[in-house]
Every structure is written in structure tokens, then in C-alpha cells.
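Working notes, structure below.
When the chains are written out, they are named A, B, C and D in that same order, and each has its own residue count from 1.
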Amino acid sequence: MCGIFGVFSFSEENISKKIYYGLYALQHRGQEGAGIVVSNGKELFSHKGLGLVPEVFNEGNIQSLVGHVGIGHVRYSTTGSSVIENCQPFIVSSSLGNLAIAHNGDILNSHILRESLEKQGHIFTSSTDSEVIAHLLVKELLKTEDIVQSIINVSKNIIGAYSLIILYNNTLIGVRDPNGFKPLCIGRDENDNYYISSETCGIDVVNGELIRDVHPGEMILINKDGFNSYKFSDSLKTSSPISSTTCMFEYVYFARPDSLIDGISVYNVRRNIGKILAKEEPCDAHIVSPVPDSGVTSAIGYSEELNIPYYEALIKNRYVGRTFILPSQEERDLAVRLKLNPVKSIIKDKKVVLIDDSIVRGTTSRRIVDMIKRAGAKEVHLRIGSPKIISPCYYGIDMPTKEELIANSKSVDEIKDYIHADSLGYLSIEGLLKGIGRKSLCLACVSGNYPTDILCKFKNTDKYPNCNCGRL
Amino acid sequence: MCGIFGVFSFSEENISKKIYYGLYALQHRGQEGAGIVVSNGKELFSHKGLGLVPEVFNEGNIQSLVGHVGIGHVRYSTTGSSVIENCQPFIVSSSLGNLAIAHNGDILNSHILRESLEKQGHIFTSSTDSEVIAHLLVKELLKTEDIVQSIINVSKNIIGAYSLIILYNNTLIGVRDPNGFKPLCIGRDENDNYYISSETCGIDVVNGELIRDVHPGEMILINKDGFNSYKFSDSLKTSSPISSTTCMFEYVYFARPDSLIDGISVYNVRRNIGKILAKEEPCDAHIVSPVPDSGVTSAIGYSEELNIPYYEALIKNRYVGRTFILPSQEERDLAVRLKLNPVKSIIKDKKVVLIDDSIVRGTTSRRIVDMIKRAGAKEVHLRIGSPKIISPCYYGIDMPTKEELIANSKSVDEIKDYIHADSLGYLSIEGLLKGIGRKSLCLACVSGNYPTDILCKFKNTDKYPNCNCGRL
Amino acid sequence: MCGIFGVFSFSEENISKKIYYGLYALQHRGQEGAGIVVSNGKELFSHKGLGLVPEVFNEGNIQSLVGHVGIGHVRYSTTGSSVIENCQPFIVSSSLGNLAIAHNGDILNSHILRESLEKQGHIFTSSTDSEVIAHLLVKELLKTEDIVQSIINVSKNIIGAYSLIILYNNTLIGVRDPNGFKPLCIGRDENDNYYISSETCGIDVVNGELIRDVHPGEMILINKDGFNSYKFSDSLKTSSPISSTTCMFEYVYFARPDSLIDGISVYNVRRNIGKILAKEEPCDAHIVSPVPDSGVTSAIGYSEELNIPYYEALIKNRYVGRTFILPSQEERDLAVRLKLNPVKSIIKDKKVVLIDDSIVRGTTSRRIVDMIKRAGAKEVHLRIGSPKIISPCYYGIDMPTKEELIANSKSVDEIKDYIHADSLGYLSIEGLLKGIGRKSLCLACVSGNYPTDILCKFKNTDKYPNCNCGRL
Amino acid sequence: MCGIFGVFSFSEENISKKIYYGLYALQHRGQEGAGIVVSNGKELFSHKGLGLVPEVFNEGNIQSLVGHVGIGHVRYSTTGSSVIENCQPFIVSSSLGNLAIAHNGDILNSHILRESLEKQGHIFTSSTDSEVIAHLLVKELLKTEDIVQSIINVSKNIIGAYSLIILYNNTLIGVRDPNGFKPLCIGRDENDNYYISSETCGIDVVNGELIRDVHPGEMILINKDGFNSYKFSDSLKTSSPISSTTCMFEYVYFARPDSLIDGISVYNVRRNIGKILAKEEPCDAHIVSPVPDSGVTSAIGYSEELNIPYYEALIKNRYVGRTFILPSQEERDLAVRLKLNPVKSIIKDKKVVLIDDSIVRGTTSRRIVDMIKRAGAKEVHLRIGSPKIISPCYYGIDMPTKEELIANSKSVDEIKDYIHADSLGYLSIEGLLKGIGRKSLCLACVSGNYPTDILCKFKNTDKYPNCNCGRL
């Protein structure tokens, strides 16, 4: 995950607040930290910090960021330790000038590239892939003295997912990997400001107009000489983004429903999924109810298809998120109760079909099913708007190990028993493709087929000393 | 508004964290400040602050609050100035011991009572009604030396809305005014802890069981001698809370949908309102959509009744709330854009019927209608799940002046034009009563008939120098 | 302790920053909290907080305090608990308008007055004497409708130490108790701003000129009608402040050396004390050295008188004060080492005579003597610039109980042994009076003779359950 | 400036709090920021922040730093911008492990080295010399795989001042440049913990014992194999540290008086300087007074030598340092008044000889002389405990440009007139050498003779576009 945003103002407007608003709209993609760097043509100004966008930035520090071109980043915590050193954009100075990088995705061979760079005497101050990319890019720049060629060369050496926004000496650059794993789009507003954003909702908030998605394998350059596009990969020989392997979970869970990804409305996808799920896994229940917030839209579709009334049987506390939980036995349940409360009056004596977007470990699903049963439900049936997750993601989505994925070792029936549901149904892979309406997607986590080489990052490490996953 | 919560533990458990969780569940009733005071039988411990519950409290200060009886408060800002002096519970020491008061509601004659107390030499350190009540209560206590009689005596002198939770020398007291304007309920858990809470969701979060609502005109005392109830008013001669005049907006807008008020499910009310609204004000549209979050449940009912598909045409940014908006012309619109974004793909060329809970000034409605039209809607019809608001509330809900209420001076047709809607329909008063399912409610803001004497607080003041409202 | 400061601007200048600077100069009188309240003639604006003056105030909140008359307070923690409720000025509204009180001193009968007020129905929100005074003052104002007469009446009922600065409806009032325990002085600047300050250093910092000290038993009123003085007590029949019983420790320890108290330079007093101490308790040593910072000036006088070279044998870490000390056995000594470090090169093999201002418990003195011996001193002689402290202070100086005062139960010789010194000498009471150059002083802590009735505040309380001090 | 501190515990004690206390004692060497990094043999733990040591560290973060070897740094702001990126220790990971560097001093050719590294593809994330050293060191390590040889090789390429403490894979290393510009010393305590510290006061605070100073051109290695010393430079062919060119200002101004530098007591130096200054520049005055705090010790020596009484005529507000000054014309003077206040009673009608450590621009001296004259002094004579500063420092002391140094262009007589003094006298260079008692020192700023090549860092830059200083 992570959200990235960039602006170039041909009208030489001060754009730091545009980035601030853009990051605000992308806040759902990362809550751990945020950063902005802008250039006024001579100097860089930057500010980063841990926390939500409105916690990191205030009127004072936004006004101190003066520039007409700049980039921003919201960070999603993929590891436990959250330190300011890992906040992006990653900013370096080199003999060819300043370079700032905001990255969404995960580079599979970054550990190999890093090792190789370290052997050449390079030193690292963070544990981010962005720093690896920065080193590679500067090395290429010294050879080629051309940013376009340098990015092309670097892209040949990195395997994995990368939507990048780069600020290089007053040039704004957007790059989307050849697989198009992560979304990236381009917009423009009436004041001749150009935007690059993880999602279209970032362009909407600044009153911009969507131009189009960045194509997989495409690089966009925007500077005072204008707007240019370069195709740096034709490995996929695709004429359309939707032939690439964008992450299916962007549609199912991560992206904001008001965004379009590769021209497809996320909202419509989720509603379609609900309808297809209803056809594939119907249920004779009194009410359909979502696990909020991620199951809401699919539940509406499911309800509509089967003509079962839609009810919000679980109410979410909108203020949860920052609570500390006092450590004690009983308070594990409390964490769920603080967040969700069942509406007993609509649950009592009802057969409830509950719609959720996915099951990972199964522990939260079990707590929710139990909660609804305690509230008086006669039966609780669970329907999932995605296929069984059987393999970890190596492209940037935080998931537990393969062993911890409940669907990796258990059948649907066993999972049903584990989570205490009366019945359980998953969307099929075909249903998912149809619901999204794309020819291809990255389905690695539900199929085990990875669209790129997989280099096991964990082999022979402390984390997985006995890894024998068969990957490099 | 404001939320109040109290606990008495017969098992002498430390209950500060129970109050913390209770306030957490009541956070929607007030975000300006929070406070907790507990007693260990000898000493009071308290902590208050400005901000959300998890901002005011942390593990350290919760652990310093040691006691088996205590009360808490979340404050809703009714005025612009937010100062710590006005945070509750209001705590005083007197010759008869310690007294802490948490208040939800508005006392209409508090200015008169305060003036009179001041003339007798009393001094005030805050501008809250709670301080006035504290003075009156201590005066009565000195006379009667009996807390029950004192509260009865004070209640005879105060006019208005008051749900109170009082901590008096290790006794926990709950009081609900004879009109029952604001909700207040009682619960218990397995460890013999008794709870008094603004809403039932506060009792749910601590895994308590609802006993019942406090009756209008009832006082509940809980101390080591047990649990007692006193009826301090029979002016209403009601045998049931639902014959009293509880604020209709608690059902329509304020309370959490998972709460029951006077035995009636808030969630069901909102859904019913949608259905009745559909019958009273049907609309031939392609889609039904709510203004999130308050219109959601009614929109579902409306959709179901008319069999028009339900769509979430506006997506709310879950992280909005703490943004600073840089001051500039264009950024008034931005405030709405940061919060809500239309899903163009489902709006384009559609007739949309939009469901909202109420219209106050009309300015936000207009911005939203415009936003949906700009997103491509063919027509935008607005349906409101409550009657026209024509009179201000004097019982604790923050509303603009009568002049600023758009429905005070404009007809439905004129309002429709003002907000740029293609049609507009309000729920009738009869529909509202039917939807809630009560014989009586406080309908002052939609009918102009106030259930109590109204004493104009603003007459001849700087705020309304020319007030000639006819009220005292 | 505590420091108080007030300003009235006849030129209607905005004076909040004057108060800020004044409090800054008085910071040594209290580091626990600070507050400012100002009036613009119509409204009060106030800000208070825990911490040092520059921590509590910033450019933003100072600029929000708009007024031409106002008062401020720095609070000295006399109890362990530091809560914002006890921060001053104490501000109340009454039927006769606004009243804010800043108090330096301790009212001995405040518990009795408070009890009596509570019995009359008054309620209290803090534990400060200021709140008691506020209640009494408002009561009198209601009777007399005259602030001067009211203060005269109140003064007849309170026993103890009180330098007060009061803001009453745009009038600035300074009051000094008939004993003149605490200092209070008046100044003026070129812009027709009048100042009342605990010490003259507060007037210096705003570039004011000292007019004179407020006399014991005098009240100063400053408002748009001018500057007036009232004598509210002639119990002392003194024509001069220096015949009153000002606290001797103000000269010896508390006040800043650059201040004048009742016309007498604090710096000169300390130097004189050193010289007199040298005559009374000479010592044959190689070097004279102070315990910094409080012993510095007396050590210089001592050195000069005996012609023994003056050396700073202990260096104080200027940044100490805010350290947390990790709790462990060895770290009690560390606390002293962090603060003071001996200069071994000047101590080694030397006979050192060390000058300190006082000995309270003796524990710190012992640590310091040990430290100097470990640094190689041949002998360590201690000379104290005040007499033996044998009785607690009831007028506002934080002291341990009588039992904890080492000189209460031990002879000079026994104390010498306890602190490991080779010899020990105290200043005589006569020497102290001579050094200060006043006919009279409050010498209660060194003589046991209290200048007022003493009402034991602690009798039969938890703090001193077995108190049999013989006082009321 | 800057202060550095390191510990290696042979008893495998957890040493993070030792570093905390050590930095505390070195706080006078840098107040802008602080950082600690420790190793437990496997992992590094670090924490850095802006502010004073007790502001950056708290019990929680100190306890999270677990290790038996570690280093710390306090940062002195040499530029206006204070950013966390520049806080040290600078920590990097490389192919040969982890490296953390704490640096005191200024590398003159760092810009050239950086340029050269950048041309080889190295990238930089800060503007510190430490990062340049880190790059060079890792490059050498890759070649030699030997840390000792690597440091020797790097030292041959860097010109300037560097006392370094390095943590390299559980080895603690101390390095002092061949000129010995900055102090660095070694200590040990009873628990077999070894210390390296900028000053001896850092060793005192942890109850350690001074072993000796690190020699100029020496490198100290401490790891589980023991303690080793390497001489990496014999360019100076010195057998004694005091033949090297240590910065004279360490003795005169920067170091704490309780420290020894190269075996010489800083306190004694300052007292000697006062005596020598008295002989060289006597003055017929009534009193001798210091400009606190830096002039105190020399003033005592001056007073003693001439037998003129020593008085503290200026009192320093101990709490100054964190004030914000509201911007207005009159408040430039206020900044001085907030910090210093004259004791009028001892100044009035007196001839005062004022002792200060140095004059840089002359503006502060003028304000102080004026202040004392306004306080009533008959004459004010200024004596300076160091020679005229005529040339900037390039070794790490923040000084204005040559043009701004008043003594660069003005004679003593002209300076005397500028600062409004009645007479002015400086210590001679000979007097300084004699006072310190060393054969050699870095006297660049008072003589213009630099002990190393000088490479102009500023040539043709924005800061000095027309620099023609003749240096490389």
C-alpha cells in the first residue's frame, strides 16, 4: 500500500496545499506517516512526520513549503516498527542535483540489489525500497546524464510492484511498473496544474479533471518544456491497462469506492461482486448485512440480487482507531466491541447473511459471528466477496505468512466450523474477474500464480529460517 | 448534546477504564472535551481535557484514577469558545462533602438562577449550567441534609432539559427531567457493576445488560446500601416514558443507531422514517442515495419501499474532521469536497433521489445538490427524513437563530429553488410520530410548540439586542 | 512563594506582553504554573497552564490576550500534586462583575474561613487561599458595594501572609498584609503604564522605574480615575516598612539579588551576611567556596572579609532541572552529581570553607561535603548564612515538618557530625538583623516566635494525626 | 562545537542511561539536538530528536535502547536551519555491517570530498560532515576489510578538526585528529565500563575515573578483545598533547570549568587569565564585575590580583533561553534586559571594570556597557580575557564573517568608542599561552595563522559570491 501524489504547476502557482489535500484524499492508503517535498526551482523544502496527514501538517509548515512542483506520500506500516527514517518521499542530493522519490509497491529483488550496492560501497540510512531505487537511479544518471534513459535502465533491473512519483530537479515524473500492479493516474485543472495520483479521488479533491491512467510500463515526464510520455517496457505487449495484472484487492478492498482504476469504477465492481456472489452462493436468510465498512457495497448488491432486505446489523464507532486498550484478559473481545456493536432489535431471531470482503486468519470473522449470535441471531451465514486467500502477497500488501492464512490449510467447510458460521461461501475466481470486468489481474494471493519471478526475501533469514518455499 | 456516563461497582472493582470505554461509545455526542472523576471512598481523582476521549486520556492518567464509583462526560461545543474551564464533570467541595456533576441538556432559566445566586454572594468560575445546579444543590443540602430531598427541591426551580449524573460522596445518582428531553438509561454487568449512560451503546461496550431507561421525573440512587428509585415529579402523570416529550432529533440524527431510547430502536426508527417518507413523498428516480452518514438508514428504507435501487452516490472521507482549511476564496467549496466525493459512474445521466435527515440553513444542501449535478446527474430530488425546522431549540441542540432557519421564512418550493433541487419533500409531523412510534415527543423545532415555559435567554443582550420573541 | 505582577496602562496600551515579561523576571518565585488575565474594559481574556512561563505562553496565546489592565501569577508548588485547577489568577464572575486574584503567601485561617463559607452554602472548585479570598470579597462587595471598604473588611478576617494583586472591573489593586510578610512594589514607565510586582526586578525588565514598595497594611488602587492609596491597618503603627515583619528568607534565599525589598538591596544583604558570618564564624582555610547558586554572594563577602581566596569549587550544570532519574539504588547520589561537579584541581589537599544559605534536613549538605572530600579536600568546613532553622514556616514557604528539621533536635556539633563536616558555623540572629539592616523581620523559623496568631492547620488531620503543637 | 560520548561495557551492563547522563553533562556543548545509538551485539537501537537532552529522551525511550556498547551526540547549531536529518549519530548500514558516527569538529575539504563521492554515484541524505566520513569509511572498509587501516586511510584524506566516536559492529572507536583541535578523553569505572567523552565532566558524572586524553593522531579501539591504541599520524611528531594545536577557545569559553583538557584544568586557566589580564591591563576601579556566566572566573582572578573587590553587578535570569520575543522595535533591548539586570545599588557612582571572555561583533558589549551606565556607573572599563578576534574559525566554532568581526577592521581605541566603554584592554597572545600553560594552541582566530591548509568552502557560492580570500 501507500499513497503517492505529485503536482506540476505551469502557472507557477504555489502547490504545497494541493499536495496536502491530495494526500488527505489518499489517507486511506496509509496512516502511519506522511511527507511532502516541493521545489521552487532552486531549493527543496520538505516536511515529514509520523501520524495522519492533519497531524503531520499544519498551516505553519504547509506555508513554509514554497514551490510550484512537488510530491507527497502517505505511508502504510508494513512492519511493526514505525520510524521517521522510513517516511517518504526519500530525498537525496547527488552530483546531478536533487532527487526525491515516493514509492507505492514492493520490489522483490531489493535485498539483492541492496547487497550488490553495498558491496560497491554504497551506504543506506533507511530500510525502504525507495532508497535502493534512489541509488540505482543516481548511478544510471551519472552514466547516461539522462533521466528518461536512467529510469528505463533501472526498470530493467527491478522486479516487483512500483508506482513511483519522482521529483528530479524541477521535473515531475510518474512511473508505473510493466505489470501495473498499483494504480497511478494523471489529471489537470483549470489553472494548468498537472497532477499524478495513486487514485482518481486525489484528483477530484483538488477539483482536477482525470486525463487517464498511467499505462503499465509507461513513464510520464512533466516540466517546463511540457508533458511527455515514454514507454519503457513492452514485455506485456498490451494495448490496454486492463490486460495487465493490477492487484485485484485494489478493487475489492483498498481503493476508495469513488475512484476509477484503469477506467473501471471501484464502486461498481463492489456492487457487481455482491450480485455475482448472490448468484454463486445464494442464501435463504431474513436479512443481508455487511461487515462495515468494507463489506457495505457488496452487501447492497447481494441484497438486491436476492431481494432480501438490506440491514446494517453492525454499527461501527466512527471514532475508533486511536484507542489504547488496557492490557487484560477480557479486553481482547473489548477491542471488537469498541469498534462494532450489533443492533439487537434487527438481529433477534433472524437468519442473517453477513457479507465481508475477505478472510485472512479467520479470528476476526469468528469474533463477529459470535457477536451476532450473542445478539440473538437464529443463524449466521457468511459470504465473502473474494476467493480463498491461499498465498501471501509479495507486491506490497501486508499479509501474514502462508501458514497463518486459514484458507491455505483448511477447506471451506473447516473454515466454516472454525468461525462458527452456519454456512460459508466464497466468490469464485471467475466471478471475481467478471465482477471487475477485466481480462487479467494479479490473482497471486488467490491462485498462487505470481505474475513475476518471485525471489524469496526471507530464505535463510531469522524470520523464516526453514523457508523452503521453492522460490529463488 | 453531550454524553454522560456513570458507574458504581458493588464488587469494588476499579472502574475508571469502564468510564473511559463508556465515553468512547458516547463520543458521537460530543467531541470538544472529556472528563472523568472517580472516588475511592475517601478521595476524588479527576482528569479533564479538550479533545477526543483518546486524546484526553492515556494509559497513565487512566491508571491514576482509582475508584469504584465515578462519572464521566463528553462535551459538545455549543459556543465558539472551547475552554478547559467549561469541561465537565464540574467538581466542587462543600461543607457536606464532594459533589461532581455531569449534565446533558440546557436549563432555560439558568441565567435568572445565576443572577439570583450572584446577588446572594455566590461566585462562578465557569459559564456552565452545571455550576448553577451545583450551587443550588449545595444550598438545599445545607437546609435538608438529604440529597434526595435536595434534588427534588432543586428540580422544582429549574426549567429545561437535564439528564444528570451526579457523584455525591460515593453515591451515584442519575436524574432525568420530567419531560425526559434527553435519554438516560441504566445497566448492570456480571461483576455487579451498575451503569448509568446517555445511551444504551455505552452499556453495550462494557458488556453490560440494559435494565431500563430512567423515567422522566425519576431519580436513581446507587450506593453501598443498594439501588433506589425516587419519582420527583408527577406533573406529567405518565406511566410510560414514551408519553413524555423526548427530543425527536435524538432518534432522527443524534443517537447512535445501535441504541434504544425509551425502548425504541433508533435504527428501526430511521428505517421506518425512510419507508413513510417514501409513501408521503415518492419519487420516480433511477437511484436512491443518502447524504452520508446521517441519511443512510432512511435511504435504505426509502429504496426498499419504492423498489428503487440503493446506491452510495457520495463517498465520505473517513479521516475528515481535523483538517485545517487554508483561508482563501475557492476553499469554501473545498471543505465539502474534502469530505464528500460523488461516484460519477453511478450518477451520470441518472435521476437521483437524495435522502438527508434535515435541512437547517440550506447552504450545505445546495453545495451537495450542485456537486451531484456537476457529476452528471440528470435530476436531483431531495427528500428529508424530518419535518421543516421552523423554530430554534432551547433544550441543548445547537441551532442558528430563527432568522437563519431557511424553513422559517421560505416555502418548500422556495427552498427547493434555493438549493437547486428538482423537487423537495419533507416528512410530515404525523409521519414522524408514526415512524418513531411514540405518542408524544418534543417537536418544538418543527411545530413551534415548546413543552415548557420559554425564558428568552437572549433578550436585551448583545447577541440579540432587538429580540422581541415574546418569550419571557 | 509565588510571584505576582499587574499592569494598568493609562495610555491604553495592550499590556499582555508586559505581564509576560514581568512573570519571566519573577520565574524564580515559582516554576510549577503560570497564568495571565487581562481586561480590555469589556471582557476578560485569560490563559493559564502548568510549566515555566515560556512553556505556558507563546506568541499566539499572548496575542489573544488583549487588554490595557491585567494581572499575572507564577505558581510555586507547595504540595506534591500540581493541577491546573490550582493555577492562578483565580477568576470568578459575580453579580458585581469580574474579579481575578493573584496571591503570594499563606492564609493561616483559610481552612476555618472556608469551613464557615461552606456552611453558608458556598462551594469551592480549587484548594487555593485565593478562592477563599474571592468568596469573602464578593460577600463584602454585595454589602458595601465598595471595593475599598470590602478589602478593608476582608483583611480584618484573614490572618497570615498575603501580597495580593486584584483585577476588579478594570481596576488594578495591590494589597500587602499588615505584617508585610511578602514583598510588593510599585513602578511606572514612560508610557504611563503603572506596575505592581512582587519584586523590583519585574519592574526593571519592562524598563519601568520603581516608585516605592507597597507599605504593610496598604492598599493601592489604580484605575482610569488615577492612583490612590489606602491604609487598611494601623495595627503595627509603623511609619516604615522596615519596622514590619518581612520574611527574612526573601533576603537570604528567595528574592533575586538584583531586587530591592523595602528599599534594601538583596545583593548587598547577602554580601554583608558573608562578611558578618566571617567575623562570627571565621575559619582558617585555603579557599572559600560557595554551594552554587544560593551561597555565591555570601561566599564572596566571607572571602573578602577574611582575605581567603574565593574559588568556585563546585560547578553547577546549568541545564539540570528537568532530568528524569532512572530509579535505582546508586542513582540517589547521581542526582547530586548531575547537578554539581567538584573541580578537583582546586580542591585537592586544600582546607575548604564552604558557604551555604541554610540547612534544612541536612541530607544534601552531607552529600556535598562527601563529594568535596572524595575530590581530595583535606578538610571541609561549612558556614551557613542564616541561623539554625528550628520551626516550620506557616506563611508560605515550603518546609518539612518540625521533626524533619535537623536543627530542631540536634546541636550544632551533632549536625556537624551528621553532615561529615570538619567544622560548622551558623550566622547569629543578631548577625542576620545587622546584615539585612532592618529593625524587625519575620524570624519565626529561626526563633520560633510567630508574628501572628498561629492556627494549626494540621491538627487532627491525616497529615499530622498526633499534632500537639499547642497552637489553635 | 558538539559533544560526543561513548561507552563499552566489559561487564555487559546495559549502558544507554550512562550515555544519557554523559550527554547531560556535555549539554553545554550543544543544545539543538541529541541522539543515542546502542548495540546489544546483534541489533542497533537508536533515538534522536531536536531539543535538549531531557526533552529528547524520556524513561520510555531510554529503556528501549538496550545494549552494552553505544555512542551519543549533542548537536550545536552552526546554521540557522535545525532539522532532524542533521542530528547525529549518523547511522548507516553497509555490506560490512552497521556504522554509527558522532563527530565534533569541521572538515575543511568535506565539500570537495562530497563532490567527488557524488561523481562516483554516492548519494547524500544530510548536510553533515559525518555522512561524508561514513561514505569514505565504508569505501575503505570494502578495500581493506580492516577498520583500523580504513580509519588511517580516511584520515589521510580529510583536513580539519575531528574528534570522532564511532560504533562499528560492537567495537567502540575514538579518533582525535592529528592537530588535536577538539578535546577527547578516556575513562573507566568500577564495573569495567570504558568511556570516551568530549570532556572529563562526562566521565565524572557516571562516576568514572579519567584514564587520559586521547592523543592527537591517536585512535582508540575498545571491543571484547580489549582496549587498543593506534597512532595514525606522526605528522606532528609530538610526544605530548600540549604540543598540538588544541582550540584555545575550549579553555577560554566552551568547555565546562570542571573539565581538564589535555591535563590542564579549565577552571585554573580562566582564573590565571584573570590574573595575567590584571597585570597586562590593570584598571583603577572601585569594583570588578563579570559578564555572566563566561566572565566569572576570570573576573575573580582579576579582582584578586589587583585587590579590587569582586561584585556581581549583572544578575542573569537563570530561566532565559527559551523565550520568544515579540517582534517590535523596542524589544531588541528587551532581549538583553530579560537576560541580564544590573544591581543598581552596587553600581551607582562606581568605577566598574567589567570582565568578559571575548568580543565578536561588539553589539552585545555595547548594550551591556550602556546598561551599566544607565544603572548609574561613573565609568565602565572593559577587559577581555582573550586577544582580539580577527579571523574566522574554520574548525567548528560558529563565527560571523571576517567583515563582521569588529576587531578585524577597528583598533582597540575604535572598538572602545564603539562599545561606549571608558577604556578597553585585551589579553595578549603571550598572556593567553602563559595563562593556559601550553606550548602551542590553535590561535587561528586571534593570529590569522591556521594550523592546516584552508580550503575556502564559500568561494563562488551564494553566501560569498565575491570571495577572494586567497584560500583554495
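What we mean here is this: a residue touches a chain if its C-beta (ideal position, glycine included) is under 8 Å from a C-beta of that chain, and two chains touch if they have at least 3 such contacts.
Being a predicted model, the structure only gives us computed values, none of them experimental.
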Query = Which chains does subunit A share as contact partners with subunit D?
reply = none
Inquiry  = For subunit B versus subunit D, what separation do you get between their C-alpha means, in angstrom?
reply    = 61
Task = Take the average of all CA coordinates in subunit B, do the same for subunit C, and state the distance between these two points in whole angstrom.
result = 49
Ask   = Taking each chain's centre as the mean position of its Cα atoms, how many Å separate subunit C from subunit D?
value = 37
Key: Shared interface positions of subunit B, touching two or more other chains   = none
Key: Chain-to-chain touches, reported pairwise for every pair that qualifies   = A-B, A-D, B-C, C-D
Note = Contacts from subunit A onto subunit B in the complex sit at residues 17, 21, 24-25, 27-28, 31, 52-55, 58-59, 62, 201, 204-205, 207, 256-258, 260, 265, 267-268, 271, 293, 296-297, 300, 304, 309-312, 315, 317-320, 322-324, 326, 330, 333-334, 337-338, 341-346
Inquiry  = Applying the document's contact rule, which stretches of subunit C touch subunit B when the two form their complex?
reply    = 84, 90-96, 99, 115, 118-125, 134-135, 138-139, 142
